[in-house]
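Per-chain residue numbering starts at 1, and chain names A, B, C and D are given in the order in which the chains are listed.
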Amino acid sequence: MNAHPEILRLLAFLAGLIIFAALNAAYLVWLERKVCGHIQRRIGPKEVGPFGLLQPLADGIKLMTKQVLVPPQVDPVLFRLAPALVLIPAIMSFVVIPFSANLVAREINIGLLLVFAFASVNVLGLLLGGWGSANKYAVISAARCVSQNVAYEIPMLITVITMVMITGTMNLNEIVLQQPDISQWYVFRFTASPLMPVAFLVFFICSLAETNRAPFDLGEAESELIAGFHTEYSGMGFGLFFMGEYANIVIGASLATVLFLGGWQSPVSFIPGGWWWFLAKVYFLIFTIMWIRWTYPRTTLWGLLNLSWKVLIPISLLNLLVTGGMLKLMPLIFGAG
Amino acid sequence: MIDLALSQNKEIFVLNLGPQHPATHGVLRVKLLMDGEYIVSAEPVLGYIHRMHEKMGENRTWAQFMPNTGRLDYLGALSYNHGYARVVERAAGIEVPERAEYLRVITVELNRIASHLLWFGAFVLDLGGFTPLLYAFDDREMILDLLESVTGARLTFCYFRFGGVYNDIDDNFVPGTRAFIKRLRKRMPEYHNLVTKNIIIIKRLRDVGPISAGMCRRYGATGPVARGSGINYDVRKNEPYSVYPEFDFDIPVYEDGDSMARYMVRMDEIEQSMRIVEQALDRLPDGPVMAEKVPKIIKPKPGDYYSVVEAARGTFGVRVVSDGTNTPYRLKLRSPTFSNLSLYGEAARGMLLADALALMGSLDLVIPEIDR
Amino acid sequence: MENLIAQFEAIPALAVKEADYPVRGYHLEVTVAPEAVVAAAEVMDVAGYTLEAITGIDWLGEEARRREAGVKARNAAAVKAAKEAEEEPPEPETADLSGITEEMEVVYDYTHYDHLFRVMVRCRVARDNPGLPSIHQVFAGADWHEKETHDFFGIVFSGNPDLVPFILPEDADYHPLLKDFST
Amino acid sequence: MGTYFKDLFGGTWSLIVGLAITIKYFFYPVVTVQYPRATLKMPPRFRGHIDLVADPGTGAPKCVVCGMCQRGCPSGCITLSGEKPEGAKKKILTSYQLDFTHCSLCGLCVESCNFGAIDFSKEYNLAGPSREAYVFDLLTRLKERTTNVDNDA
């Protein structure tokens, strides 16, 4: 059975990506607890294995062996479907992320569109999880998640449209190829639009809000809604939610790296590019996400919506206009050259 | 604040906040009638940690009730020792020597700083910021070590006796306290930069949970809650007791009565308490820490006596009715948070859930002190 | 301060007495009949006072103790007088404990935010069915204090919105602070 | 409009200042004590449960069975008994039991004892399987302490 080589390659990549997502979910939790520890001048996990490195393994085994409790008055289908609906889109959007020149599962010319299509399914999972678990706190948190994601999808997409206008393509690998070294990074590409760093900041804030992280973690606000949409989940149900959340964080960070920080290209020409540059940038962004989480308190729902509708959307629209104008006028001013 | 009269929304549902809930810092349950995320009515339900201290007072001798006062508000327990000691000294006519009064003021003010630091950490934790709690606990740990080296306890103190204090301070208490004050003076600007000036905190606290001076007076709110609404009432100034008149410190009062005002009152009070402790350390007199002829069995003259002290959360009053025997006939404990919380029903109506929790955090509740 | 005393006498209060603050802890002691409690609260409200606490006291057996003390004092005096006159001491009388109506007391503590003047309003109620009007329209904070006093003593504050067990468990029908309460 | 921009720029600046503070502490040394590995020394006045004090000369407890501590304790944790052998003029202690589940460590017993016969121990990590494990017999504890003090002295 000489199956088509492409399918074999795809299956291998899929297995690799699932392992990558699982490992990421485990060791980002470890990194988060270490970063939180040291910011608060304590150590974080250190008992299980050297520097606590086996702690995620122990957590994983614990989550898997715990009984998945399904409360009686819960909606059976939605309750079981929700965690999967959060995790699967996250893993699927890994398919188009270029880890290095040829290390990409499937190079599709509309890769960016695919990632955002899956990103909107993620909030559906949260809503079904919150609604399905028939718990008042979960219902409130589900309502919050929906309004939060809708409010932050718009500025993110406007910024992405600006980027597509500049790069001219939606194929992530090509976008990376257009940024060979640090001076060419889109975050410093002032020729395209003077507001580029601001666009990066808007994109970063929106990816925080999309994944319910840091100052915008209204979805699972511990001190108000106990654990929000995953209050009723235990065992692997909770584990899947957790993996979904961390997978989404990695996607948000890797998108920001691909679009703005030159993906797997190395910032300086004499060191060759490769997947290690990509992972270094992604993990630096993830460190910043964690650093922000342990510094700021939480906003309220209306504060969060105000920030999006009154601040981020106007800025991203302004950026869109400025970029459009620059693209149109630049060739005229500097002649057809 | 939606106009509740109009919203005859059929889906008003009851949400139980507590008794096991991260934001209630104890076993308080608030029955919320919610319309979506707006609160139609909030009704605190008490009694989950009620131990009937007042009945215990009636079957113990006067001295045996002192450990109970430490269990009322264990974050500022020394003020409660002070309140009970003062009322019995007033009833039995016992004089307290100068050095003991100074030690009392120093330890009570240190305890007030520790209580405000813990409140600061827990309040920002309610708003979602985790790290300031750990920094505040790091500072508070120094106070607890200092108080432990003197009184032997860290939280539920039983240090005061009628006519003085249990034992004198050891020699590294004074340098230790001075070092602590120097360190906290360096840390306070950092707390203000990290939290007070943070735009997210400002947006969460400004104009949230407004409490007017009239509402404070009608509900009998005292302490930082009243001082946050423009009422200049602090027992240490309005009804001077112990050696407080000898120190010069001022009472922070903020006018606008929202959560930010109550937050700022407590942050400034930390600074004022440090000033008191410094002046008290400079003028600490020598001499005995216990009055000489304090009778072993105390039998105050019959009649009823009342005295108040400024605890970390407000006016702690003790009314004692004595019938001349060695056990109190009636012992009434007036707890400040009981009255501060009684205005929550009216203050939280129509607010969002997140703001209602910010308001509850700004009231600085300690539930065992409410239930007694 | 003078017009306060005048206003209290106008209610009419049963007794208005100035107390010695350093010893007692309050300045003015006003005794009122149960019906006049709301009027006293309004006097305080108009004067800008705030209600600090409501205390219940159960004076079970107080009258009996007073009579016995009186009898004992008279016996002692009689015995002493007899010893001086070398006569044989008269037969000691016994206190007649009939016709005592047991009483309970409710004490309202008022204080003022600006100047140091504490007023204590006392009100005696019968012990078998203790009842007096609620002052929660005047001082909203009194609502909780009254519910607590009702929990501990069984004093019924007529007009209080819902006089159900507040600090005690919902199904509590006992009143722990009564002198004859025993578990 | 003014407050809009003031909030925007002032707010962003306050966020950056907040980040700077936490990253500074990220590189500061750790302040926590790794409890099971390293333990703190308790200050001299630390109040563990009470223990009998041995008379340095004879090694017997200083207690004269006057019962002051038993009466002084608000929660009635102490029960002690002693008997007077014919010849001697002083009572000797036969049993001294402390029910540590009720003790509130208030120190009224230590204070009321004018013979200095009981004092606070420095023990704080008392783990026990059941409530009864916390009813200490201080006399036997004293004997154990004095015996192993003798053999390892």
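Following the convention adopted for this analysis, contacts are C-beta pairs under 8 Å (C-beta built on N, C-alpha and C of every residue); 3 or more make two chains touch, one makes a residue touch a chain.
Model, not experiment: these values are computed from the prediction.
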So which has more C-beta pairs touching, A-D or B-C?
B-C
Chain occupying the most central position, where position means C-alpha average:
B
Cα centroid separation, subunit C vs subunit D, in Å, comes to 43
Using mean CA coordinates as chain centres, what's the gap between subunit A and subunit C in Å?
68
If you average the Cα atoms of subunit B and of subunit C to get two centres, how far apart are those centres in Å?
29
CA centroids of subunit A and subunit D: separation to the nearest Å works out as 51
Would you please write down the residue numbers of subunit B that are in contact with two or more other chains?
131, 135, 138, 194, 198, 200
Could you say which residues in subunit D touch two or more other chains, in rising order?
15, 18, 21-22, 25, 31
Multi-chain contacts in subunit C, i.e. residues touching at least two other chains, fall at none
Applying that definition of touch, give me each pair of chains that meets it.
A-B, A-D, B-C, B-D
List the residues on subunit D that touch subunit B in their complex, please.
7, 10-12, 14-15, 17-18, 21-22, 25, 31, 43-47, 72-74, 104-108, 111, 120
Quick check on the complex: what are the subunit D residues that touch subunit A?
4, 8, 15, 18-19, 21-23, 25-32, 34
Where on subunit B is subunit A touching in the complex?
13, 15, 21-23, 34, 36-37, 124-131, 134-135, 138, 194-195, 198, 200-201, 203-204, 352-355, 357
Can you check the complex and tell me which residues of subunit C touch subunit B?
22-26, 48, 50-53, 55, 57-58, 107, 109, 111, 113-116, 118, 120, 139-141, 143-144, 148, 152, 165-169, 176-177
Under the stated contact criterion, what part of subunit A meets subunit B in this complex?
36, 39-42, 136-137, 140, 143-144, 215, 217-218, 221-224, 226, 294-303
